[in-house]
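Next come two complexes, and both contain chain A; in the first it sits with chain B, in the second with chain C.
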Partner chain A sequence: MATETEPIRGIGHSVRRVEDDRFIRGAGNYVDDIKLPGMLHMAILRSPYAHAKINGIDASRAQALPGVVAVVTGELMAQHNLAWMPTMSYDTQAVLATDKVRFQGQEVAAVVAESAYVAKDALELIDVDYEALEPIVTPQRALESDAPVIRTDKEDKTDNHIYDWESGDKEATERAFAEADKVVSLDTFYPRCHPSPLETCGCVADVNPATGQATIYMTSQAPHAIRTVFALVAGLPEEKIRIVSPDIGGGFGNKVPVYPGYVVATAASLLLGRPVKWIEDRTENLISTGFARDFHMHGELALKADGTMTGLRVSLLADEGAFHADAQPSKFKVGLFGIVSGSYDLPAAHVTATGAYTNKAPGGVAYRCSFRVTEASYLIERLVQNAAYELGVDPADLRKKNFIPKTGSRTSRPPASCTTRATTRPRWTWRSRRSATPSSGASRRRHARRASCTGSGSRRSPRSSAPARTTSTTSSGWR
Partner chain B sequence: MNDGAELRIHPTGKAILKISVQTQGQGHETTFAQIVAEEIGIQPEHIKVMHGDTDNTPYGLGTYASRSTPVSGAATAMVTRRVREKATKIAAHLLEVSEEDIEFHAGTFSVRGAPDRTKTIQDVALAAYTNFPDGMESGLEAVYYYDPPNLTFPFGTYAVAVEVDEETGEWRVRRMVAVDDCGVRINPMVIEGQIHGGLTEGYGIAAMQLITFDENGNCIGSTFTDYLLPTSMETPRFELGETVTPSPHHPIGAKGVGESATVGSPAAYVNAVIDALRPLGVTNIDMPLTSAKVWEAIQAAKANA
Partner chain C sequence: MEITVTVNGVERTADVEPRMLLVHLLREELGLTGTHIGCDTSGCGACTVLLDGTPVKSCTMFGVQADGRSLTTVEGLASGAELHPVQAAFKEEHGLQCGFCTPGMMLVGAALLEDNPMPTEDDVRVAISGNICRCTGYMNIVKAIQAAARARAGTAEPLVAEPAAPEPVTA
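Here is the complex of A and B:
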């Protein structure tokens, strides 16, 4: 028992992490450390093409390899109504491809074998008849009228457009720009990146045929939410599903979604009555799991001659990949819009965003970022920096001049309600990039010292009295 | 967007806390025990934190969007206060005074005006199973589901000084200062780790990380040969500072900190490089700022000059 004089090491104490003892000793218990009696191993065959029609899959040679227990294809999954699954944005995502592959690295088939090595070897024995289609690698191309349609699985889908979203006060913002002494604009691209946690994704699915109990050890940041999703998708009673997330080696948002591997491993365990382990390798993690960013951004700042900010106008084009698995766009209101308009005392702001399908991996929620706040923070701070240069003032002074004053600040801003409706097509401006040939020059080091501020939503909200409007749509009337 | 927490105090005054969020390295087993310790006066090493098993923990939405401390941390504080309410009743029973006359501080219940008459949380825990008031249910545990009234809003400022080699496009961070405000700080060492990790990732994004595709849709960046992570060799040294502005609605005034540095720092690196190159006429370079891209921007600006 603690002595009465010993201070309680509560809040404010740098208590040593109790977790570190087992981690430093190499005694952690990660998903790949779990070994169950009779456990099988699964490996996934992935598409080498970004966009191709599947004419047929012949798994007979793989089936014949000693040690192979089963080959799972999209056709088999479809028989159990599991060839597709829902995403967080009310879209669907292929679990195993049946009709087409839509990004390089997409899951096509899975081998379940007595060892992980046999499973991997057998992948090479699966013959897939692909018919290559034109790949779309930019959202700009995706939205052109002659672009091939990626989501032919969706009834009546005739383009690659996913959503239009807007928030803020358009009229007040237009007025601010009409009356501005100075307008500064910036086109920038926040490229696709990946959090690449030290531990890749994986699971051990253990469906007990005697009890009907499904225990799934999974690299998940949200085990409860996953259990509910599994119950709804697989039609299993929730009390029969147990999700266990043991030690997790980094997530950063990469381990929020349900990935096809989890679903296939669980289905395989259900069908075979034995535990099935699936652990992806590094390349699989990088090419197929939740990416981050991939936002093309255009920002404009309206200013008075003295540097007072009077309006912000932003248009965004999001490359969502082949399946819309990002956070639902209506949440951009509390993330993207709140941050891009949240640090400076802007009387008016208006933001539009469009999402497009491309032949790339789905994702968008990952890398330590809620609802696109990272893109928002980056855009506004780059824009303010360039505005200072154009006005010929110190960037720090311009920031200080425009911060929300302490007096009259609001400490909370409940998210505005969202409505869903079709919107008109936003205007895009693209800047072409040019490269130059090398030329010699005197070596000189340039020094810079510049600040950037993260969003500080606690201090302000747009001054406009009208409530901000949020719209989002999974438009079919794009053209 | 609620998350649950369950707290049970065992007869010897040790505890188990079950939470709905999932640590991936953030140190929940340490910091959540500290929240309980603060609220009820049991040392954190005697509070076992359980998570990551849907059969054995309360429902909740999990760990992402910097939400563990804002939501589950709040649930943890509130469930501990709920347990403390019952503990106060038991302490009043043991000390034979009315509940209103009990004062609580750091694990000790004392009688108002008679500070030498005390019972510890350990005394109370044993009594909760062996000597509880008539009409009271035995045991010392509770569950609390917390639905946050608002988001928490951490903020901060990042300042970067760089030098750029005009001839090669290489750039180097000379100083990186990060000042973050995540409200009340539960474990300063763990927060420092969160900020360091976020700043390292922010630097990686600004300097080298890129998943791109060729015209056939082949992924460039499918291995660590092409997709670069900053090692200790590249990562700048960080200087940290903090301000403390408590969240006005969170039970302990804490705010999320997991994402702050990753969100805010990339712009600071890019702004610094652009600031260095501005005299040449460079106004923008898209991330990642590889030496090749910086060099190309310098050449293009010179050609335009």
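Here is the complex of A and C:
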């Protein structure tokens, strides 16, 4: 407990980083820098198809290549009950495909060899007999009644629907819309993106078959969660598993999930009694590991004629890929509701979300701690901007009019001060869409930089003078 | 085949497959893991090393192509305990976060300062345009390279400025 004379150090003070000394000397210890005695190298064969039945896999030519120690297939993993693993969203995900492949880049087989070069060579010698099926690449198509079922592995599954979720007061929201003077709506799509840390994912698995003790060095942001999943997959007690996260070359959410490569490398180490290193390349990282966003969003705002907001309705269609693997299933949707309804003094709001399987990589990670904050901010601010255009008023004024007031009960600080600061900048102007004159891209970017402010902190940040997650991009006609 | 390269001033000999990439020669054969692999397609610059003083991407060059030539990696930037001005500046200006792009960034910066001892911000940005950082953004990397230029020229204000103490926050 600080006293009156004891300043709190930390906030507002620069702190010398202890890790810089090794990084600037090239003496960091990233996972690919780890070399263990007797270590083998693993490479993964991935599906060239988004959706295809596997009729057979012939690994004999790969197995015969000098330097190859083992070829691991889904069939082999299934013998050890390891062909599937749980996801963080209570679904299952194929470790190595057995029945069919469900996205391009899905893990089909793995080669363990004395060198990384030989392991990659051997991938080209594995013959897989695929039978192509219709790929489903949008959630809209996925939910059509005649769409082929992606998750045929699930008993009794007859469609590609995953979940329906809702929050808010549906009846009050419907009433607000029935009584509204003006309803503004927006359909938008926040595309899939990838966190793409500069260091790709990978691990060195070191299992001692005699003791059953597993040590896995891994570029992981969530070593504890991963230990739990590993314990579930392997049927081992957690104390038998040690996950070591060495220096990590960026993560941004991409290094939260458990990826099949980790499981296969660990299983291979157990079966072979030698450490196994698996480091994916950039292409593998981009096509198969945790993505973010991929929301098709519909928003509606109910307003009075004077611009007062009276209700908000949002419906989302989430493209979850082939396996539902949102890194934190509850927080994402709840976070979205909190953000879309969190800045403006809305008497009523209702949000629904539907998830669908598609033939894309699984994932659903935060990407820089956006627990659906980015999607929600984008939707609500685009909606408010559109409302201003349709009402013919200054978007900043419309925002200030509707921000939760200082005395409001739902937030401790109103975001209005941020907008006020932005709009009192010397260069700030607002022109109606019709009179807006096109300006060059460069000056537009400069201007947008000056006149926008975005926070992404917590909802209630009592000490922060910059209010959380309010975007006030001014100057119209730049959508 | 056997090759001889001078790495950080030391002559090294290695017996490598002709197809072995330079980055693997450095990391796997010579044990210099400060050179990183980010994309294996020349896109990210994490594998940048200096070949006879010029930055090259070691993931798209064969080790055998370096035969008889001189290489500088991040491990060779400092002189013993004494940091290269670029290294010191990256630390002081917070030019790094995860450290993965840092060796490549620093080597490009060091090579730039050999050619252009007092680069403008634009000069620095052009020089590092083949290097990607995913953590910090580029502001502090540019600042660090310019700070290193001033330090080398002896015109620097002290690199480390103690931040002004803010108003104490009391409970």
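Assume the second predicted complex is superposed on the first by the 385 of 479 C-alpha atoms of A that agree within 3 Å, B and C clash if a C-alpha of one lies under 4 Å from a C-alpha of the other, contacts with A are read in each partner's own complex, and residues count from 1 in each chain.
By our rule, a residue touches a chain if its C-beta (ideal position, glycine included) is under 8 Å from a C-beta of that chain, and two chains touch if they have at least 3 such contacts.
It should be emphasised that the depicted structure is a prediction, and the values quoted were computed from it without experimental measurement.
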Which of chain B and chain C A:337 touches, first, second, both or neither: neither
Partner chain(s) touched by A:282 [first = chain B, second = chain C, both, neither]: both
First, second, both or neither for A:262, with chain B first and chain C second: neither
Partner, of chain C and chain B, that touches more residues belonging to chain A: B
Contacts of A:30 with chain B and chain C, given as first, second, both or neither: second
Partner chain(s) touched by A:377 [first = chain B, second = chain C, both, neither]: first
Touching partner for A:21 - first (chain B), second (chain C), both, neither: second
Which of chain B and chain C A:250 touches, first, second, both or neither: both
Which of chain B and chain C A:365 touches, first, second, both or neither: first
Contacts of A:165 with chain B and chain C, given as first, second, both or neither: neither
Chain C-contacting residues of chain A that also contact chain B: 1-2, 4, 6-8, 11-14, 17, 19, 196-197, 248-250, 252, 282
Chain C-facing residues of chain A, complex: 1-8, 11-14, 17, 19-28, 30, 32-33, 117, 196-200, 247-250, 252, 281-282
Touching residues (chain side chain B, partner chain A) in the complex: 12-13, 20, 22-25, 27, 29-30, 33-35, 37-39, 41-46, 51-55, 57, 59-66, 106-108, 120, 122, 149-151, 153-168, 174-175, 184-190, 198, 201, 204-205, 209-219, 221-224, 227, 229, 245, 247-249, 252, 258-260, 262-268, 270-279, 283-284, 286-288, 295-296, 299-300, 302-303
In the complex, chain C residues that touch chain A: 17, 19-20, 27, 32-41, 43-44, 46, 73-75, 77-78, 83, 87, 90-91, 94, 96-103, 106, 132-135, 163, 165-166, 168-171
Residues of chain A touching chain B in the complex: 1-2, 4, 6-19, 49-51, 103-105, 135-137, 186-197, 220-225, 227, 241-246, 248-253, 255-256, 282-283, 286-287, 291, 334, 339, 343, 359-361, 365, 367-371, 373-374, 377-378, 381-382, 385-386, 389, 395, 411-414, 433-439, 441-459
